[in-house]
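Each structure below is given as structure tokens.
You will see two complexes here that share chain A, one where it goes with chain B and one where it goes with chain C.
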Partner chain A sequence: MLRFVVRRMLVMVALLIVISMFTFAMFVLLLPNGNPAALLAGRLATPAEIHLISVRYGFDKPIYIQYIDTMKNIFTGQAYSYQSSFNVLDEIRAGMPATLSLAIGAGLIWLLVSILFGTIAAVRAGKYADRVLTVLSMIGVSMPPFFFGAILIYYVAYKANIIPIGGYVPFSQSVGGWFGHLVAPWITLSILFIGFYSRVLRSSILDSINEDYVRTARAKGLSERQVLIRHSLRNSLIPIISLWGLDFAQVIGGGAILTETVYNLHGVGELARDSIGRLDTITLMEIVILTGIAVVVIGAIVDVLVAYLDPRIRLA
Partner chain B sequence: MSATEPPLLEISDLRVAFATEDGTVQAVDGVSFTVSRGEVVAIVGESGSGKSVTAMTLMGLPRGSNATFQGTATFDGTELVGASDEQLRRIRGAGIAMVFQDPMSSLDPVYRIGDQIVEQIRAHERKISKAQALDRAVTLMERVGIPRAAERLRSYPHEFSGGMRQRVMIAMALSCSPKLLIADEPTTALDVTIQAQILEELRKLRDETDAGVILVTHDLGVVADIADRVIVMYAGRVVEQGVLDDIFYDPQHPYTWGLLGSITRIDSDRSQRLPAIPGMPPSLLSPPKGCHFRPRCPHAFEKCVEVPPLEGHVANRPESLDRCWLTEDRKRALRQVDGQVGLRSTEPVIS
Partner chain C sequence: MSVISGQSPGQGPGELGEGFDAGFESEGQLPPGVGPWKLAWRRLRRNRVAMFFGFVFLLIVVVCLLAPVYSTDIAHIGPNYGNPTGTFTLNGKTQFVLSQIGIPIGPTWDIHHYFLGADDQGRDVAVRLLYGGRTSLMIGAVATLITMIIGTLLGVFAGYFRGWWDAILRSANDVVWTYPAVLLGITIGTVLNIHGIGPLHGTNALVPAVVIGFVYVPYVFRPVRGQVLTLRERDFVDAARQQGLSHWRIMTSEILPNLSSTIVVFVPLIMANSILLEAGLTYLGAGVQPPNASWGTMISDGINNDIPTAFHNVLIPGLMLVIAVMSINIFGDGLRDALDPRSKIRVAR
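The block that comes next holds the complex of A and B.
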């Protein structure tokens, strides 16, 4: 177990280095066409001013020095946005509670509801409940958050006044307010995943019914319910949990840009959107690296979890 | 056993059909036989003859909702065909236990061996504690020859070899002291030495308990080793049944001759493994009219387009039944091929 964790950590560090280089190359070399100093200096700047900015930000140094400096700044919390001159880490930190709240709540909802819907659809395969769930999941996967979000905000928030119109209230400030502000974002984001996850689980359970070990479970004299939950579902959950780890990490890393924006949560995803809007490469890089860290760390946790769920996966 | 005691299992005119896209597959077509306590009954026949479907029907297990059942199967006073789910659940694993063909995939990969045995015990004995059930699991595992059982209880199936997994399956099957054990080709997936060991376990079980055993196999060597009585199945029907020695030394049905002929040929010349019987079993979607064996039978005559009944034809042997229109004398004459029992490969010269 320890060896597994240590090896995971080493792989993690290596992955992060690769991700950061790739991001750096993408944003610093490819994205801002031309000289970043010129971009920063504005349209009316003189060549002397541009040169000054170049020297100040280190744009005149060789590219690998720039990379190392940037990484140093990012990891020591000294990175400042070129455009808005805020401290990027502070800004991400400010967005993190909203994003984490969104991710954890939605992650739990979409995992549990998918398990419920997928199982019901499998048990009632071909029957009425299954057909209804099939149609619902198809609507769900094709429902863009800005559309569904807009509907919720207009009817449930603006017209019916049941939930607030958007924004984020910290948990520490008011538990009720926190919850009230997050219900709609949770649902909006979950719906995207529930359709897909419950389909995957449904077919996985239906496949497992033909497995020999499920026949054995029945031959042992277990009830249909025990066969389903302990054997079919238990085995079918393994791929679902792996999938969940990836998607959950994405959302933590600010991947729920649309949902965060529609509900004005001021989370990391919204920060990402704003940074894209003003070509704020440093902020974007730090967010991408954060996503990388989240994907790798949560991926490692999920791997341990999956190895626990599936003893055939060797931990050593 | 008193003469009036009914058999442990009595199957009468069992029919199982599957509705498929291509039509109805009559997998089991009027099967009747009995199994008594302490008796090993072997069901033999080529692959696809309906052995597994017959066996699984007793457990209420055929997969899919496309199956229809007719006939009766009475186990220890309970009618199995048409029994409620709860009735079947109580019988499965406790009254009737089953060991399947492929031990590699028959255990759930995610649970420890011990827990899988305990799960079965506790499905039938609600009051037993987990510790007691684990103790019993150790005893059972030792009994079927798993070394260091107490330790291996905590292993997962993938840490076991195929032979060891099949022993686990047998231990599990024995865990609630079933009255009837069904073993569906339990050794087919295993190599020969392991096969002999597993059969030895089944023989021990027969000797030590009063359980009836149904052993499904296509291997007549296995049958000769262990069976008391033999049921020969062909294309969904029982074509012959009788006690072991009668089947081997005085077989009545041409299909049985063919099966026996193929093993004697293998015995006399191991290098030359001939196909058991020329030709293929018929499609169960549209089986031949009359005797199912007719297309492959060198002795077929006009009468054979009618379905022969499963009847006794041998004097003083009411337990020997077969489905063939030939008279007893003709049978005795026709089954001799090169001085041994066998199926002639061409039409007889004199008819």
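The block that comes next holds the complex of A and C.
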């Protein structure tokens, strides 16, 4: 079991290194006018000044040394944005509460609701409830989050005045305000995943009903309910939980850019969008590495969980 | 269609009936063969909902292709023609395109004048909706083509040769997969917009198409590779190898035909997601660039300028996008059910 987890972690760390190189290469090698020294020196700098700055910051060194230096700075928290000269780690830390609140709330909602919907649709396959849920999930997977967000902002916030219009209030400041500002983002982000997950779960439960272990469970006299919960559902949850791990990790790493932007949450996703607009390589790299770390850590947790659910994986 | 009663369990409804339908009176003679594609088409045709939404999507495509006709002959206004101080006559009364405080007029439901209202620059929303549809659908189609070709080629290559090539291709795909799709999309989109490769730079609508096509490659690569891994162990591939066929021949004429139904199932799925991603990237400023119209630019213009004054500018392009994407999704679902008879059993269980 431990070996399984360690091997998985090593693969993911290698992946992380490749991802950071990929990001670095894309911005540093492809951008001709992205010369950071010229940006730092300002508009009126002479070539000599630009040269001085590139020597001091190491931009004249070979590209792989620049990469290693950048990574060193990122992991010691000493990376400063060339554009805004803020400490990147501080900026990410400032956006983290909003992103974490969004991710945890929405993650729980979309996991639980899609398990509920998927199970109902599978049990009532072909009946009325299944059809209604199918239509709803079809709308869910076809809805861009910023469009749904705009609808909620216009009808529920402006017209009905039930929720506030965007923004984020820290939990420590006001619990009610925190909740009120996050309800709409949670729903918006969840809808996207509920549509997809509940359909995956539905078909995987229906597949499992033809499996031998379900026939065995029925044959030994378990009730339909027990067969469903302890055998069918338990096995069908495996793909759902693996999917959830990756999606949840990406949201923590600022992947919910559209939802964060439409609600003005000022989270990590919005920071990522702004830093791409400013061609701020360092900030973007740090965010991408954060996403990678989230994927590695949550991926490992999910693997352990899946191995717990399915002994075939644990013992292989 | 007649259905032979007393089917064996596990046979889909009508499954047996179709193949055995005609000319099966004489004993001992094999029934006339019906190809898998023809069977799938029959099953699809019987799925009323899927056919209906397939038709809706076709209708949207045709109407959007007719955008220049509507623009020049009916509305007499171009997609990028702003008219903020203009007036027009509606039912004998003079109307302002933008009110004195700059609020655009809502839908007039008059096919000749601002049928679906105006946007904040006085442009005709209906004309832009059709032109925008052309852009969005074109991006969806080109992106899907790119994804399917690259994903299938790499998937077949990796699954067939395995070994080092497989390891490299798989980790490259994992890198793209770990990156959130929207984040990767805006990163490459921004880099291409500024730097550009050949014709791919600036406001060219092919930039988002290529970016989106690239982002979704792993979604096709993974399942194709997985299927090739099992296909290459099958007897008919061994037989082809024994005959001395080249790797290329085995890949193209033995393995690829067996992948065709998987590939066909993926086309609508990727297309729906590509159109959605176009809108998302454009909303974030890394997709279609103004003043070009696309459903994405229209929604994001509406969100940025017209909440809460003229919400029709968000609602109309948004609903159009959702209807188009949903039609593709529902049709794609029906297509999958038709090509994979097992899923038919699931529903009819």
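The working rule: the second predicted complex is superposed on the first by the 281 of 316 C-alpha atoms of A that agree within 3 Å, B and C clash if a C-alpha of one lies under 4 Å from a C-alpha of the other, contacts with A are read in each partner's own complex, and residues count from 1 in each chain.
One rule holds for everything that comes next: contacts are C-beta pairs under 8 Å (C-beta built on N, C-alpha and C of every residue); 3 or more make two chains touch, one makes a residue touch a chain.
Quantities reported herein were computed from a predicted structural model and do not represent experimental measurements.
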First (chain B), second (chain C), both or neither touched by A:G254: second
Contacts of A:R312 with chain B and chain C, given as first, second, both or neither: first
Chain B versus chain C as contact partner of A:S223, first or second or both or neither: first
More chain A residues in contact [chain B versus chain C]: C
Partner chain in contact with A:V18 - chain B first, chain C second, else both or neither: second
Which of chain B and chain C A:F146 touches, first, second, both or neither: second
Contacts of A:Y154 with chain B and chain C, given as first, second, both or neither: second
Which superposed partner A:L279 touches (first chain B, second chain C, both, neither): second
Partner chain in contact with A:H231 - chain B first, chain C second, else both or neither: first
Footprint overlap on chain A, comparing chain B with chain C: 209
Of chain A, residues touching chain C in the complex: 14-15, 18-19, 22-23, 26-27, 30-33, 125-126, 138-139, 141-147, 150-151, 153-154, 158-159, 203, 206-207, 209, 246, 250, 253-255, 257-258, 261-262, 272-273, 276-277, 279, 284, 287-288, 291-292, 295
Touch list for chain C against partner chain A, complex: 171, 174-175, 178-180, 182-183, 186-188, 190-191, 194-195, 272, 276, 279-280, 283-286, 299-300, 302-303, 307-308, 311, 314-315, 318, 321-322, 325-326, 329-330, 333, 343, 346-349
Complex contacts: residues of chain A adjacent to chain B: 209-213, 215-224, 226, 230-231, 234-235, 238, 309-312
Residues of chain B touching chain A in the complex: 59, 61, 63, 85, 89-94, 97-98, 100, 102, 105-110, 119-120, 123-124, 156, 158, 169, 172, 176
